[in-house]
Amino acid sequence: MRRRRSVRFASLSPRTTSSSNAVSELEINVKYLAISAHPDDLEILCAGTLRLLVERGDTVTMSNIARGDAGSFTHTPNEIAAIRAAEGASGASLIGADYIAGSISDGRVNAADEGQRELVVDLIRRVAPDVIITHAPNDYMPDHNEVSKLVFDAAFTASLPNYITEHHAHGFVPVIYYMDTMAGVEFLPTEYVDISDTIDAKRAAFTEHQSQLTWLLDHDGVDMLEQITTVARFRGLQSGVHMAEGFTVCRTWLRTPAARLLP
Amino acid sequence: MRRRRSVRFASLSPRTTSSSNAVSELEINVKYLAISAHPDDLEILCAGTLRLLVERGDTVTMSNIARGDAGSFTHTPNEIAAIRAAEGASGASLIGADYIAGSISDGRVNAADEGQRELVVDLIRRVAPDVIITHAPNDYMPDHNEVSKLVFDAAFTASLPNYITEHHAHGFVPVIYYMDTMAGVEFLPTEYVDISDTIDAKRAAFTEHQSQLTWLLDHDGVDMLEQITTVARFRGLQSGVHMAEGFTVCRTWLRTPAARLLP
Amino acid sequence: MRRRRSVRFASLSPRTTSSSNAVSELEINVKYLAISAHPDDLEILCAGTLRLLVERGDTVTMSNIARGDAGSFTHTPNEIAAIRAAEGASGASLIGADYIAGSISDGRVNAADEGQRELVVDLIRRVAPDVIITHAPNDYMPDHNEVSKLVFDAAFTASLPNYITEHHAHGFVPVIYYMDTMAGVEFLPTEYVDISDTIDAKRAAFTEHQSQLTWLLDHDGVDMLEQITTVARFRGLQSGVHMAEGFTVCRTWLRTPAARLLP
Amino acid sequence: MRRRRSVRFASLSPRTTSSSNAVSELEINVKYLAISAHPDDLEILCAGTLRLLVERGDTVTMSNIARGDAGSFTHTPNEIAAIRAAEGASGASLIGADYIAGSISDGRVNAADEGQRELVVDLIRRVAPDVIITHAPNDYMPDHNEVSKLVFDAAFTASLPNYITEHHAHGFVPVIYYMDTMAGVEFLPTEYVDISDTIDAKRAAFTEHQSQLTWLLDHDGVDMLEQITTVARFRGLQSGVHMAEGFTVCRTWLRTPAARLLP
Amino acid sequence: MRRRRSVRFASLSPRTTSSSNAVSELEINVKYLAISAHPDDLEILCAGTLRLLVERGDTVTMSNIARGDAGSFTHTPNEIAAIRAAEGASGASLIGADYIAGSISDGRVNAADEGQRELVVDLIRRVAPDVIITHAPNDYMPDHNEVSKLVFDAAFTASLPNYITEHHAHGFVPVIYYMDTMAGVEFLPTEYVDISDTIDAKRAAFTEHQSQLTWLLDHDGVDMLEQITTVARFRGLQSGVHMAEGFTVCRTWLRTPAARLLP
Amino acid sequence: MRRRRSVRFASLSPRTTSSSNAVSELEINVKYLAISAHPDDLEILCAGTLRLLVERGDTVTMSNIARGDAGSFTHTPNEIAAIRAAEGASGASLIGADYIAGSISDGRVNAADEGQRELVVDLIRRVAPDVIITHAPNDYMPDHNEVSKLVFDAAFTASLPNYITEHHAHGFVPVIYYMDTMAGVEFLPTEYVDISDTIDAKRAAFTEHQSQLTWLLDHDGVDMLEQITTVARFRGLQSGVHMAEGFTVCRTWLRTPAARLLP
């Protein structure tokens, strides 16, 4: 039977504080929360890995902080935001993940905004993940980088009972993995995941974001399906497999795992 | 005849999207926008390069975000801000550049302030540059570093039509070059520009900032004209020329050029 | 007789501007201001060094920016904040340092908040230190990292006469040393201080923070007295002494010293 | 039954070249070869991990390149080398590993020496490992660093059939993990192994090196058993477990794994 | 007419020492010498750039240090070396470059070997290049890395008249560019060259290395033509063009150019 | 009376092993050994600091490994070597240091050569320094970099009694400081020394190297006296003094000091 790893890193729950090990060998489910800036970022940057997690029995929630309301030359912000929330739900459904849509306007994500800090704390408290996957701190546009900082900050703050928001405090500080940057610029992965078996699911999930196929071509001059394939193949060449996604783990006190929590 | 490089990186304009090349060989003008914190920073850190750009026929706009209103022991903020705006205009005039003065109080530049974000987006939209030159992210004082972040963020956001400000969206994401830090501390240039022919223009342009000659001596204990010369000579020694300025290019997706856009 | 080093780096005061040296050999007192996020951080990260400074005759002020009001599962924020302010005063008293308590709620420290910027400027202006010791920019939780940025920014801004707050401008830009991160994660010290003679004082000072002995065990699963000893011994092994604390100096223009200002 | 990971990275063997995956899920044994400079280095730097590998059913060979013949103030080189070879065998025996003694004189390890290159190629060809564990390239003394380079070079060269030595070419290029440096100086682990359950075995294995307990105290002024414990506890604090060892993986083409090959 | 840049960096020749500029604007030919370990490395790593240089009128010499005699499971060393020398000449011919074959056995390249040092000094003295292109110092196998060090060292030594070899001293220290690593592992380019127009020439040149198409598949499990295309496309995605090659420049005194010397 | 610091880091001598402190407070002399590649390197890179050490009462030995026999277009190797040995002695005399000339031919320094390893071990054993100052590992030409590695390696090996050379083993592993690179390329100092009071002595000492004033101008196109002054002034600007030299300390186990050993 499949062996499953339980992440209870610095956990407060009775069943794990009795052990000094971060990882027990029980067959219990691990909860992953992937948080991106916009509705299609997770499909581009980590959906192959998310699909593997789902396939091995873990629980995955995909979420984004921004509404995606600037990703259009033709639609109004509200129109494109609604379209993209639906696309995000469809993409997550193909992966087998839950989906939580974002509410902040594109270009307005701001890690210093107290309301946004609380919003991300509540997202984390609501899902109560063992592991979070989010943007690297140095990606190509501000919403990505602000989400990275929001998540780093909120992942700790969410564990403080006296920091009052809608949901109860999360019981521990989850581990954070950073996804590759767009086109891998200035990113040297320290962990690779073999997504040869899930590259098709990743491509299919991205294809649900029909509105972005045109936008990315018009705004950025790129064919994103082709880019997804090239980047996955490049990361695969680097790590000796057909297709791969690259990550780094966030290393700080209370977060650095003594186990690999990626597939 | 002089060959000129046109930067239309990820451009939306019809004339360039037909080509996959970032650089065409047409004899067309390139627009550079230099954005610093205070009125004299560009003279100190990149005016030799700016003068070379003007001399080869490119368009250069010099701007600063802060008013320079703290740069005095004797004047009131409004007095010194007015003096420094005039000095900035004079310096730019000697370089042959347009000039746009700043409006934020010294020490109050804040990359998380939504109003300042919009202000810099509008500055970029108004000038619509191909290339931006600004402060390195790790310079010696907060206004410099906040400007660096404001510019990085705004240079992308300015291209989003649904991010509404006074001016229309800029057609593409411009390339960003980071200037040397003050006295070159913790800065390793990856590109050098030979300013042997424009060091005099650079010194002359800085000399227009008469109010700062005294202030820098009193507040920081430095003779800035001497520092300008020493740093230019040091960067020259490193790169095998008489006088040089050092830069790094901002490398992210949609911004990393496959051509040198400095002289 | 004990020789004492005077730090008047880029100082405006008459007695030191006459010399080009950053360090004179006079027997005068040096003022150190240590600024952490929470009441117990300084004991954990630099109290051995602070005690050495006190013992050699320098003046040391210990301060924290946050109230410590989230550090409890049982007390209300106001209760635990009051308890921790008293603990902070006790710890500082054992070290022989002055103490200034913080006022911001835990998890709410925010380097982009204009009020907090002014608060830290005033803290620095009030103490008028030669040297500041604070958190590294990349520690494990947001309050630490925000304090690091607040201090970097304010240490410069505090020297601007036209930046008006309650206190007068500080006469120069103080040198900043960054403390080790918690458990030393992702931190490579460039300076070590031998605290073999003050490890007991450090442990005693931390023990004054009784409320945290339980909290850290419950929230983070750690016995902090044991961690303090292990980290000090590890830094000692690295630097050839029994017990040590590790630091880096903040290197920017106007701050990089040509002398060691740690014991 | 225990699941086992087979590393056949770029393997030439028929059973694995048919798959594009680096890791298959078969219950087969993995071969680890640990190569240090001197007889006691592996006990100090990775024996806790080696013991875990043995316990989960993998095959482990411990080896050293140098004879250890300089590690004494009292014995002749030949005497101390014989003593240390016996100590190395005893230590490996406690871990449950095979042992291969070294033949180069201490201080004479030289990655540029063609004979030593061939010697390490033959060591690798003889053991034919899936994974090699060796010194980081920047440790404290030349034998360690030369071994690191010898192993990096030989691990590739061993796979070339036309590079003729005593043994046949190894079928593929094994993955390399670098151990922590002595006292962890200038080393930031990217992977941690929880050795809480094998710290006693590690200490016991080191204790077999009786000749070094005195030597290290006299030559280096250190109590190595105490150092082993402090470093393991420090790495444990960093990674949320009681005791840990730190590693980085060597990332190059044909060597970078898309799976974790440490316990 | 096409403008051409003459690199006479620290040159000894009368025509350039009179100028402090590293780069004059004369329409004169620039000499590039590309030096790899094995006969096919240049096609894999920089042939698109070399073809661009040829097309714009510069002189290019392709060379390798090793004979390529280990690149076979079936041929004897002498057989495969002869085959590969012919393949190297054919590949260079397609690029439009001169070709100089290597003489060292594969796996035996050794930057510490005095004879090999002199061999590379003579190669440089014979070609007398303005610019050298070679392997990055941290590539995947020892021959690559040793070549990188040999070239760095020899490029300086070749300029010393009293270092006697077969050829006269070279007149100056040439600029060095480092090519991408294999599969781009641990390499962050600082300069990109748009090879969209020469990717076909690059692929054609590599195809001349027929013996290696099979070897690389058998030994390393890779389809190198596919890898070439993926890497070029990935570097293109990063730099906003269709196909690109990535480089860094070697930055030391006497070598760091104040101009871009790549196409 | 002047306080003097005694460095007995990991010392074997009875008077210091009784203390756990690396630095005692006795008024005893500290021995510095500066080791460069060629006769004029120390004057260029650290003579201001050496002079300060002499002035405060420490013992300084200046040495070089290479003969300087390639530093001429006109003299034979033996002629120029003799000239330069005399120049080296004169320069050292002005500084107040002992002088030991080198014996290896220029361009032939080789850290892998067993004879050269022993030569440097014997140099260190003969002088028995507390502190060594040498080239950074990444300077502009091979002799510098090979010396850096020779010194790093030999500084440890010299302490091994069973590594037999002409002199007895040194009693401990000395601390190593790395000097700035030529023109400061790719070098970020972590320690600065204020040489405002000794810049004239430094310039005078370099002027003793008359043969090199012409050679450096002819071979490298540089006026070295001017370069010395520019670099010292630049390092001074960075560290808030008039003239400075920059250094880093070599950080490894047994070498990393918990005290500053530079003036």
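So that you can tell them apart, the chains are marked A, B, C, D, E and F in the order they are listed, and the count of residues begins at 1 in each.
As a convention for this text, a contact is a pair of C-beta atoms (placed from the backbone, for glycine too) under 8 Å apart; a residue touches a chain by one contact, two chains touch by 3 or more.
Nothing here was measured: the structure is a model prediction, and the numbers come from that model.
Each step here moves to a touching chain, and the least such steps from chain B to chain E number 1.
In this assembly, the chain whose C-alpha centre lies farthest from chain D is B. Comparing each option in B-E, D-E or C-D with E-F by residue number, the pair that reproduces over half of the contacts is D-E.
Between the Cα centres of chain A and chain C there is a gap of 35 Å.
Computed centre separation for the pair chain B/chain D is 52 angstrom, with centres defined by C-alpha atoms. Listed for chain F are residues 10, 112, 183, 185-186, 188, 221, 237-238, 240, 251, 253-254, 256, each touching two or more other chains. Which chains touch which is summed up as A-B, A-C, A-D, A-E, B-C, B-E, B-F, C-D, C-F, D-E, D-F, E-F. Contacts from chain F toward chain E in the complex involve residues 69-73, 76-77, 80, 105-108, 110-113, 138-142, 181-183, 185-186, 218-221. Within the complex formed with chain E, the chain D residues making contact are 10-12, 17, 112, 114, 152-153, 156-157, 159-163, 173, 251-256.
Taken in their complex, chain F has these residues touching chain C: 3, 9-10, 20-23, 188, 190-194, 196, 237-242, 244, 249, 251, 253-254, 256-260. The touching residues of chain A, when paired with chain E in their complex, are 183-186, 188, 221-222, 227, 230-231, 233-234, 237-238, 240.
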